[in-house]
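These are the structures, in structure tokens.
One chain, chain A, appears in both complexes that follow, with chain B as partner in the first and chain C in the second.
Right, the complex of A and B next:
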């Protein structure tokens, strides 16, 4: 995650008011009725039937359509923009360029990197040059073609491996190094000296591009001085603050609504220039403006997972004790600071017990689209290097890869100076996962088959992980309203990014009150009507919002029981609410139906406010995972068939087994994309343009690329310290070790270590042919 | 977004030919899976689009009196994939059809359109003024050419995207064409234009000509055929390397053969060297290995596609050996 994102997620030293009258966090659930079950999505009907209104579906009276002209060069200076033809075209209501006073707005890419919204120096292909608003989307796009731009095309650099060399084109005047970070503990030199075996390799992962189903964009509408934006977003409050700051508006004049979104994967944690442009076009025309990017545009300018070049060196003793790890990496977040190396070295620092660690990461500018957080930033890249070198070590000392990892399970967070985790399920993920996968037998069977000859080779591989965060934390405020008939309104600011947040939160309310989840109305992701929430990302939505929802619900119940106590003339402590009646545990004849509780009838509603309490002091809350896979490699053709996958996850309490398994399978699928099919391809050495900005050339895995046999194995360890729901994050650990596990399985099958993604037939065939040549 | 073209949907073949002939920048619209995308992306312009979807007569699949098969040009790829008679007598064709694109596209796409496809080169499709689009240079030659050709390249280095064309070539298919001058027949092997003949043209059809049907000869006794495709992902993708085989076997000996490669060359690539290596030989591992070597004898990889040479060798050998296992 980019550094500027951390401030959004994890606000430090914030005094946290506890849910007022409850006074203390609720105790962990003992036996649960709903939590842990497979509950279908509460908004499944709306999503499937099409009645769910996504931002892209918003259609307002008199609405115009916006479109953005983008720079076709990786580096160019604009001499002149001629809009004289475009602005006279039919249906064109406004054309904005940097020459227009209405567009004189500063856009902040990162602290210290501010520029005009329509920057006359375009530092990446896809930078915004001009924008139009028209009566129809077709007129808007046609007008873009009629805008004549005189570009001074400049030298560029689009490969971070070349960008620090002398003579490389400079992305910014101060040069191409964004920053260099280092970390060390112990003494790696003596650690390597103490090792029986040392292995060293260079690894590379290619850039991945976010391609959520719903495109990036918004609808903007002004009412006097107030702006309303319907944005496809992971966090409406994050959009509100950026838009308000950029346009110089009070927060109270910017309302952002995002009830649904069709996927984000980290690329919609923040608004884009398009959001500001839509607002400006709407102001210019005094009409609502809908501005959604084309698929091609989203490939260029709304984020990517940075490519990484990683040199890793590892030492181990014959008994499997790790003695030293050294990790030197470069990566790029594109043309502006965007977290190119953010938490890229975390797994090396924290995953396995190792006293001597040194890391150095260098973030580099290139003339490419800026990165945005991409599901578990930094981690799958680091895993690709670390998990493969672990397998190398295991082979070198003749130890099973599972055994080597089990020998090095830490009990404390070494990357945080040795503070304990609240719980650590790493060992159980590896041990139980291996057992459920039938690891030992599968490894042996594959080896036997491979020794028998033949060109189809079997391999079995694994990888494990910790995720940097995933514990959630304050701030969050949630309001639960109980109506007089016992049905409920749940009001929270968080977005449901498709993971099932709304369903999970309804289950929390239902569990606490004993009512059915379908009786809960959910109002969320609207800065005008719901409470402040940080964006949904970082695997923190459930561990942040679920305890808050629970606190609010507990407070509702407390008030309700107090009201019933008066009616029944029983002490509050003796009362129980089961969703329909309040009954005395001492004398079950003393009961009252919720509709008969006098005060509730009068008031009409009971309101409970929940605040997210603080995280435990001096401890780290993290989820853990391991993945196992079996592959078949055709050594004649380089084709890989994934036969089966198992993901074991320790993310604390399982709230909804259905949405949980969805995350596991989705994460593995995305990991297969990174490991086997996806790569960003620039036209290196020629134009520097992106050549695969479409869904054919940028290859996402299809249903046929995913194994039939996929297993999700939850390791449901109670974690009462983490928060009052006992749940930790899940959305990101599920995708971290996938690519590395595949590479390890391929190496087990073929004996060839492939160090660069993706493991498509092109790459595998090249590597196999090279290794054969070396053998000859 | 789209160029301002006119649209017509004639009811007769004759009218379609006239409409097509009448405008120089007219394009034929059959299944339409690619044409509108190309126009939308500005790959090429069109002044007129002539839809032949009303010509129901072009959808028939009919067994001929000589034992051959006539396949109307508007037959969908899905029909080829599922037709039991084609599956039994010409497995190479149904296997190739099953490898095309995705189920939705196979349902919509037609055989005639599949043979007349525009290239999928990412430079041709992208914002590059490449040779094939009338520009001065082939960007692939010095650029990102991992998906490009290793055989038959010259001036332009695309690979031909069709899966069905190699299968039909392996079956010695011929085409029925209607045009302003009437009907004519031409062997499929004479349809596709090699770049050293003209890098800006894909097919040898005259103005106003329409492919109406594809004719397959009766399968020879002892014919074994297959199609196999390697791609970068398992669905909705074009061939990285593919091979269509049609072998006429006699007592374990290869009496006649066709070895046609996809993903190898700018046109569906018949490898006569591989065929010669098999001719008259017993089909065994040695012959298969030799044929695979011969198929790659003329390969001239570019900077990023040398992997295709061992891949094709492995693929051809593997597919030939499957006939022995049968």
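Right, the complex of A and C next:
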């Protein structure tokens, strides 16, 4: 071995964890050497140098550019599509419409909701009508303008609050109610009867649009009957199965590659019609086709967080005991079943101890783009209502909001019939968070300042949460390969959606083998070359993949011990790892350097396969969080300045503190968007079209909209029962309580409770004006 | 500001026929202005083929190299960088000047490449993310972004880095407030802003040392 490779395998003085016997799960790490540290990403170089090739960057020889013509009306039937001008335009290689036999493909929106790919009945603005492939993207767009479509424009309904009224236009023949779900435990009537104080309010959250930075789309290419797709996706296997089912292909004929993606937030868990259209255009032209949506299209047809209308009623005793919660909500997933009310009531069911709960949620069709899961579906909406009503109760009984929440911390998952959580750090999140934030003093200081008068008001607010899942689970398969020189290749199907998955997994391997994380080569997110994984979403990637990676690494160690046993002529169970050597516990003179093991050198590689084991039975694995913020409200302009934010999170073991903090800040930032700047605006009275389908009119938070003082406080509580890594998910709890915490702070500052998002100057001023009017 | 801002050395007045420019640019304008409405005249105008006499012969100075190109007058600098020159480090985010993913330096100043026609960029010094590298070595601003974990998905990152680079060239020691203002033309949907501000601070320190 060359001198400069000497330290390849082993980092000096690093103890290596014991290797469990075959078939046994590894014990939790009691002390870690790499895990928990702040380690920059293993693919950081690619991302900051510009060499990372995102699907939008793929450029193949002979590649054409695809584009989709979209319906400009919220509800219309197509009488005729005339492509005679378009198909003769320069550079146009293919035009597809529903009239073309090659496009006769069924698209399934949801079970029982199947239609043609180019559906002659367009039920939302942005539905696909036709598609072209051309030599340049400009030619493709030109051709779209030359396609003449004769639409029969139909009446529409674009507001779910109007959609169930008689006379409302019907999105589907059976009416506009998708479904109604209800839940109850205990008896809310007697619960309210037992309450000292009851508060009731109606709340609304506006629709929020994902708009990840990389546009949705893909490059598709056929080699004979085999299709390869480079898709901007959170889960290559999910794309593979949908494409194979839609086009009637064996899975082995569809390879999906997605090494990088520029954000998804749930909107890229599945492929879209665009994926199928790109494949069809590529087949028609026998050339690779790149089809990425325009920014405007991503506002129309690739998902949203549904708007929610929530009536919440809550009862509490004078001592802070919650007696009853009632939650009645409507929401819409758009023109097809898309989970409009999915887990919308979960926080009411599960977050705080309450014996009497009743929930009712109604999912409604409108002529709007179908929803897709958006970071913690249902939760930030529910939090907006629940956390504000909690503050109302606290005020009514004269109790501090933090104290009220602490009095109602559950030890079991009430929403799941009372099974225990493996671990819960909810209390620590609230208690330690409040302490680190200096909650009590900040509240008092703000009140003192506000009493002194002036138009700038200070407020301090908080909110807490549980996330519905976050424990991950099977299936997952991972392969770890140890090369003869001691360096490692990690092969897994999971996508790194920007959360740092690759780095976290490299740290797991490094911890278990005692090698340097940066020497680990990672191959991921390719159905042709990596192992099956579910899409990265639901805060489940780390708790799913980390234990699988650990199991695969442990398997490598077991194999190495077996090989060393042959070299040393010792039984396997007498051998253990000691740094860069394997040594016998019976006779320490019997030892071999790992990179000298004969079989390893002969084979050139040792392979360990890991499978994700089951989650603990009869228990629920969930992450918890609390957030605290301080705001300054200008009561003359309605502007809110966020002064500081603190997020305390209990997501089990902290693996990489650097990417962990980044997630926390990112979640808060996204919550600031939902709470303060973002809303989907339809031209409801006239055309029913979306009026703010661009980032100029739909405001995302910028660097100027986040407080310079942001703190992340991890409650590092390894969960030994959850999985062998001790980690739970983080990506979603970090964004759940943000908007509600801001609303509570604004109420603390102004005394006015604002029940609808976003808390922009217009909303704040009109709420302040209304409350002044009431006082007069 | 660069000295020659006033005098546009743009080939749009020279090598182009007026008809060629209007027929190609017209379609693009209509695309932005009209959503869904069919404009048959535009369609027919665009249907005429763009021939080599409608193409503009330009030379772009990109990362210190002279690139001789034949471009359609309506092509954005962004399109030429990514799709004609393979410089895919510059990202496409909105193509309408809202997100900053395509930020490059033009004469040292951060500019949106999607809002700059390639023909407008002649005679200017264009620097892309690839131009910050020293061979395989990261530039100081890139290195700071890596160390501070100033990104998540990484897609807006080249644009963020170019904006930071431009800011630091004008203001080598900005306050955090000045950084937030300087970086506010670049959206990061993942919300890595606190780490981005740390990175720009740290890049400034690296450059000053």
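Structural remarks
As a working rule, the second predicted complex is superposed on the first by the 729 of 776 C-alpha atoms of A that agree within 3 Å, B and C clash if a C-alpha of one lies under 4 Å from a C-alpha of the other, contacts with A are read in each partner's own complex, and residues count from 1 in each chain.
Please note the rule applied: a contact is a pair of C-beta atoms (placed from the backbone, for glycine too) under 8 Å apart; a residue touches a chain by one contact, two chains touch by 3 or more.
Just so it is clear, the model here is predicted, and its values are computed rather than measured.
Look at A:369: by the touch rule set out above, it reaches neither chain B nor chain C. When the two complexes are overlaid on their common chain A, residue A:704 makes contact with chain B and with chain C alike. In the superposition on chain A, contact of A:696 is made with both chain B and chain C.
When both complexes are overlaid on chain A, the residue A:142 reaches chain B and chain C alike.
Of the two partner chains, chain B is the only one touched by A:687; chain C is not. In the superposition on chain A, A:36 makes contact with neither chain B nor chain C.
In the superposition on chain A, contact is made by A:769 with chain B only, not with chain C. In the superposition on chain A, A:72 makes contact with both chain B and chain C. Using the contact criterion defined above for the overlaid structures, shared-chain residue A:263 touches chain C, although it does not reach chain B. When the two complexes are superposed, the chain touching more residues of chain A, out of chain B and chain C, is C.
Across the two superposed structures, the residue set of chain A contacted by chain B and also by chain C is 72, 137-138, 141-142, 689, 694, 696, 700-704. Chain A meets chain C in the complex at residues 40-41, 44-54, 56-57, 59, 70-73, 85-86, 88-90, 136-138, 141-142, 145-149, 210-215, 260-263, 265, 292, 294-296, 497-500, 658-659, 661-663, 665-670, 689, 694-696, 700-704, 706, 708, 710.
Every residue of chain A that touches chain B in the complex is listed here, in rising order: 72, 137-138, 141-142, 455, 634-639, 676-677, 681-687, 689, 691-694, 696-697, 699-705, 760-763, 765-766, 768-769, 772.
Residues 24, 27-28, 30-31, 34-40, 42-44, 46-50, 72, 74-75, 79, 82-83, 86-96, 98-99, 101, 128-130, 133, 138, 142-143, 145-147, 149, 151-158, 161, 176-177, 179-181, 183-197 of chain C are the ones touching chain A in the complex.
Contact residues on chain B toward chain A in their complex (touch as defined above): 1-2, 102, 120, 122-123, 125-128, 139, 142-144, 146, 230-237, 240-241, 305-308, 310-311, 313-315, 317-318.
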